[in-house]
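So, here's a batch of structures to check.
In what comes next, chain A is part of two complexes: it sits with chain B in the first one and with chain C in the second one.
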Partner chain A sequence: MGADTSAGGLTQVLWGGLTVGCLYAVLLLGVLIVFQVSKSINFAYGQVGMVAALGGWYLASAAGLPIWSALIIGAAAAVLVNSAIDFVAIRRIPEGRPGLDLVVTLGLFLLLTAVMQQLVDANSHTFASLGSDTSTVVGGVVVSVNDVFVIALTLVLVTVAHLLLTRTSLGTSLRASAEDATIASAAGVNVLRLRTGVWAVAGLLAAVVGYLVASRLSVDAFYMTPILVKVFIAGMIGGLDRFLAPLLVAVLLGVYEAGAAFLLGASAGTPAVFLLIIVALAVMPRRFMNERSEVRA
Partner chain B sequence: MSTRSRTGAPSVALGATADPRLKRSRLPRLLLVVVIAALPPLFFDDYWLFLVAQVAAFAVATLGLDILYGRTGQMSLAHASFMGVGAYTGHLLAGLNQGVAVQLLGVLVVSVLAGLVVALPTLRLSGMRLALVTLAFGELLAWVLINTTDLTGGTQGTSVDPVVIGPLDSSVPMQAYLMALVPASIATLIVLHLGRTQMGRRMLIVRDSETAARSVGVAVARTKVISFLVSAVFAGVAGWLYAAVAGFISPPDFNLFASVYLLVAVIVGGAGSAVGAWLGAAYIVLMPQAFSLVGQPNLYPLVGGALLAVVALLVPDGIVGLSRRLAGRFRRAEDRPNHPDRPNHPDRPDRSTSGGDR
Partner chain C sequence: MGLRTAHRRARLAAAATGITLLAAGCGGATTSTTGDAAGAATTCDPKAVGPGVTDKEILLGTTMPLTGSAAAGGLGTKEGQEAFYSKLNKEGGVQGRTIKLTVLDDAYDPSQAQKQMRQLVERDKIFAVSGGEGTPNFLGVVPYLKRQKVPAIAPYAPSDTLGNMTNPDVFMATVDYIQEFDLLTGYVLKQGPAKKVALVGVAGNVGDNAKAGMEKALAGKGVELLYIPETPGTTDFTPIASQLKQSGADWVFLILTNADTGGLLQAVSRIGYTPKTAAWAGMSDDSYIKEFGALSQNMIVALETASLASSNPKVQQFVRDFKAETGQEPTKFNQLGWVQAQLTTEALKRAKGLSRGCLVEALESVSGFETGILPPVTWGKDDRAGVDAVGIGQIKGDKLVVLEETTSSGK
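Moving on, here comes the complex of A and B:
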């Protein structure tokens, strides 16, 4: 993705990979904070972004709403859907049923896809460009407004999240409830409210990434799945209970994918990523790969 | 039937396989199965017979996924992709004018190899990592298919020559049904027997608690890898069989959604039960037909998604567990089961650790 060998040299390709990697990182940020508060993986997470983007497209194109209000409604829908996933499903998973989060959210993944296909349609649509058609040349590399926005957004979000986690009492509460929800709650942390807030913020992140990916490619009911797969892969290699390492892996994964596509042909991204995980998992020491708090099967 | 394992080790160790069903005579059950198997050819027309043959093919896949998910507790999001591996391997070998035996051998070998690539690096880690790598494997297969259009037909799919064994031709619905029944029966027998073997019990304890499994000396990683390989082979054979029966294969048959539907089948039918796997296979094949009949084909994925979430949360043992619980309510008055646990879902297997001997 983002790799266009005809457009220019390696720098152009790597720039494209960097911006895509940043989008992976922002979505992964949502996965990480949710994993912190609920120790669960939400497989329907990519589809939350899809609901926002496909819904937003429908409101803007078919219902004729101004694009900004369509985007705001879409983002609100994403926040609602993501919070509902937690309320309706994840919180009801009984203790001692490891792996059930993945099964249940797979069902929701299927459900959200089917519902959006029913409500809108199954075709691909051109999304609002969000600055991806306005570009300038910097040092031989074509840089679009969208690119700059993506990179700035990633830097800001990661910095803010890092500061929140390490420098504020909110971050302390969050890390405490990630460590042990019962003890945190006994120490006066409102674990449930924290959790609700985190799932809502994660929904917003999914919507933003959904919009940005849609503006670069196109929007349909399936376009977020390959993105989510790579985000999960980055999280898996970097470790879901860490912070900067997985985000860095996400960015590098985008660059790696683009580089592989540049060197080996436009379609080499997928096998290159597969090779990477197999090698990464085989080579990495087990101690590094095991999450401390991972209790699932 | 004794509940002792093949190797003669006492079965109390894992406490999970003391299936009360085994204590009753098997003859009535066997007769029931034969009668059910004889019904479709007697009453169904060619179209439905063709669908039932597909059910048998899918049953091999759901039985395989049941070994992995229902019994070992590992997740695969690429089981339809493993079906695809089998289907396309068989198709390619048939294109090289190889006979049925070579096709089957090829399917087995390639399935094991594909399974090894996915399972070996991941299974010493966690189940979630396996799930994510299988996800990537599905993408890889889709990529291979799209980029080898001259061999596999690419996104357009390809028609598959029927498998002919002696007088049987898989393009004739009646004969396809008979041919599909053979591997499906073998797969069912293997799964039924598995519960009584050491390996089957190791799988159960790995599912329930890896810590407990390790503490009684079960090689957790090896058990997981074997389970994954068996299940990949089942899926490969199922895909080959499906291709022969359906006569046409294309990438959407084997994508992520197809894999999720397989999981829906196993969970809705009842994880950890052979009957559940058959019910699931019937669900996968017949449900889309049923929705088409009432003019709502788009409802199938919607209902599938809702079912998966609801059943996984509220009815952990699926249809089989539900009916067993209802039956248990009737029976409880007359005979107290000597095993309080449901056969396939023991509680925390503490007693297995205290049992000590493996």
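Moving on, here comes the complex of A and C:
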């Protein structure tokens, strides 16, 4: 179904898409750092953000805690859960069992969902607005505080992560661990501590994205799953062993999806994303798809 | 290196595909059914005994979404049925037998519902299907129930596919979305002139039915209708909100999940658009009003069940009985579950024997049966609709105000 495609409406839609794309990018940042250090894909990663947001909602709404206290406790829970996923499950997967991390984290996805449904409930809830209800009009486009915060946060996080990885000794250690953990360990890098730190930071990123998505939509035990699907798609197209390229793809994916939904109809957004994968695999230069070291941090 | 990269990309593809399948499973899909009018188990042999019936017990079953994005409705409906049968069994049961109810989780997924229903019919050997909740998942089991000639009583699965002799084994007790949106739109038009209205509905049978109902009510009125189908799990509602704003619709009608209704209303508010809204009966549930009431002020909603605050003695009796059984206040979905069990029990009471043919005969004898919760229920030889009326309410503050008691579409 088509739409009235006047410039004002399309700009509003693209702005919304840019904001959502930035949320994809921040979540993908968490996926990237984990993959680059531990070579694992965490299916339950979106649910880590859900634990923070649904738990935070419960603490604020049902238990009566001040919202900021609830958000801090929720974020701490996300850090703990994500670290525990690595410590309890991923590290114990024996070498030479490719794909087992997918199965294990898929199980954890279901476990976290069931636990939160039991502990909280199966309903959808409104979350703290976090600025999404305060807005101004800029050039005919309604811009909320939440939108600006999301975009600024993305720029800051990506810049900090990039500088950290390329300009600091910590970044050198991380890259060395990612390249070959055994050699890095022999060179004095505490690989296990680094890995634990990376999973913890990824947990925090999941919590932040979980909060921001919940503030724009609502929160329940499943609301992060469609977000994680798009994040993996961006990672697949951009390459999980690169840094800036997949993050850029994530942002553009949000814009592309919003544009497709606006121009072709609301139900066209998701099919358009999957069509993009096929097109990307078919037309992207083989060199780009195969080259590991290019564009890396 | 190339092989390692290819291997990794294959794993990524598998990861993305797996999550997508999982999401699809949680979100559900739309299935439609067709068929001829033959097939209901209509011959009553009073001496015959159907599957799942012993001297002491009658085994009933159904599937509902007990996990996943639609679990709230399923869990509430299950609780309502269980409370009714618990009370019934304490009072001695029906036909000298207690009721054993088995409810399996279909996660709102038609394929999962089919698998679970097969298990209920073939392994557990249930006598009949008592209620159910969710349209796409229930539509997924309808062809199987038709083949097996298993009666299904009062599932909450509004669809034009059901409630008629295309599927004679399914006895409905709620209007379909065509009727619901016909009546809802008719009410809205009576409130004042409108040049353009919009509908945002779940893509597939649900949204199409709502659209058909609105088109019926708008026929000849010169009011333009914009229909936007939506797929559950939308991550950005700005495109839909912008389309609505640009259309300048006087009214926006909604038939979406609670979460997506809340997400869309947030996006509409974010871009500074404030249309009048009207929505399907799901928005009359306390769980919706409690969470999204602030976003839904003055929303007009269809009412499929009586307000829990109604002075109707039967409604008040239900509230007391439910609280006595569960220790908690009932919700709309508890009401639905309760009335599903009540109608199933009424048919069992009327049955001349405990065969499926006798159960169908008993169901066809139900006429103007008052539950207090639903409009009077009537089925017949060629009538599977049950009811043809909805009420109208409005969300005011954190309350639902009843504007009109049930009104018949006169079909």
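Here is the rule we go by: the second predicted complex is superposed on the first by the 278 of 297 C-alpha atoms of A that agree within 3 Å, B and C clash if a C-alpha of one lies under 4 Å from a C-alpha of the other, contacts with A are read in each partner's own complex, and residues count from 1 in each chain.
We adopt the following convention: contacts are C-beta pairs under 8 Å (C-beta built on N, C-alpha and C of every residue); 3 or more make two chains touch, one makes a residue touch a chain.
It should be emphasised that the depicted structure is a prediction, and the values quoted were computed from it without experimental measurement.
**Student:** Once chain A from each complex is brought into register, does chain C clash with chain B or fit beside it?
**Tutor:** clash
**Student:** Quick check for you: in the superposed arrangement, does A:17 touch first (chain B), second (chain C), both or neither?
**Tutor:** A:17 contacts chain C only, not chain B.
**Student:** Is A:278 contacted by the first partner chain B, the second partner chain C, both or neither?
**Tutor:** After superposition on chain A, A:278 lies in contact with chain B alone.
**Student:** With both structures superposed, pick whichever of chain B and chain C touches the larger number of chain A residues.
**Tutor:** C
**Student:** Which holds for A:100: it touches chain B only (first), chain C only (second), both, or neither?
**Tutor:** After superposition on chain A, A:100 lies in contact with chain B alone.
**Student:** Based on the superposed arrangement, let me know which partner A:167 touches: chain B (first), chain C (second), both, or neither?
**Tutor:** neither
**Student:** Considering only the touch criterion stated at the top, classify A:89 as touching first (chain B), second (chain C), both, or neither.
**Tutor:** first
**Student:** Tell me the contact category for A:193 with respect to chain B and chain C: first, second, both or neither.
**Tutor:** Neither partner.
**Student:** If you stack the two complexes on chain A, which partner ends up touching A:113: first (chain B), second (chain C), both, or neither?
**Tutor:** In the superposition, A:113 contacts both chain B and chain C.
**Student:** Once the two complexes are overlaid on A, one stretch of chain C runs into chain B. Is it 55-63, 109-117, 253-261 or 271-279?
**Tutor:** So the stretch of chain C colliding with chain B after superposition is 109-117.
**Student:** Quick check on the output: what are the common chain A residues between the chain B footprint and the chain C footprint?
**Tutor:** 41, 98-99, 102, 106, 109, 113-114, 117, 225-226, 229, 232-233, 236, 267, 270, 274, 277, 289-290
**Student:** State the interface residues of chain A toward chain B in the complex, per the touch definition above.
**Tutor:** 41, 89, 92-93, 96-100, 102-115, 117-118, 225-226, 229, 232-233, 236, 267, 270-271, 273-274, 277-278, 281-282, 286, 289-291, 294, 296-297
**Student:** Quick one: in the complex, what on chain A touches chain C?
**Tutor:** Per the touch definition, chain A meets chain C at residues 1, 3-4, 6, 9, 12-13, 15-17, 19-20, 41, 43, 98-99, 102, 106, 109, 113-114, 117, 121-126, 132-133, 135, 137, 142, 144, 213, 216-218, 220-223, 225-230, 232-233, 235-236, 240-241, 254, 257-259, 261-262, 265-267, 269-270, 274, 277, 289-290, 292.
**Student:** Where on chain B does chain A make contact in their complex?
**Tutor:** Residues of chain B touching chain A: 73-75, 77, 117, 120-122, 124-129, 131-133, 135-137, 139-140, 142-144, 146-147, 207, 210, 256-257, 260, 263-264, 267, 298, 301-302, 304-310, 312-313, 316, 348.
**Student:** Can you tell me which positions in chain C touch chain A when the two form their complex?
**Tutor:** The contact residues of chain C facing chain A are 1-2, 5-9, 11-16, 18-20, 22-23, 26, 67-69, 71-72, 75, 200, 203, 227-231, 233-240, 242-243, 245-247, 257-259, 262-263, 266-267, 269-272, 287, 291-292, 294-295.
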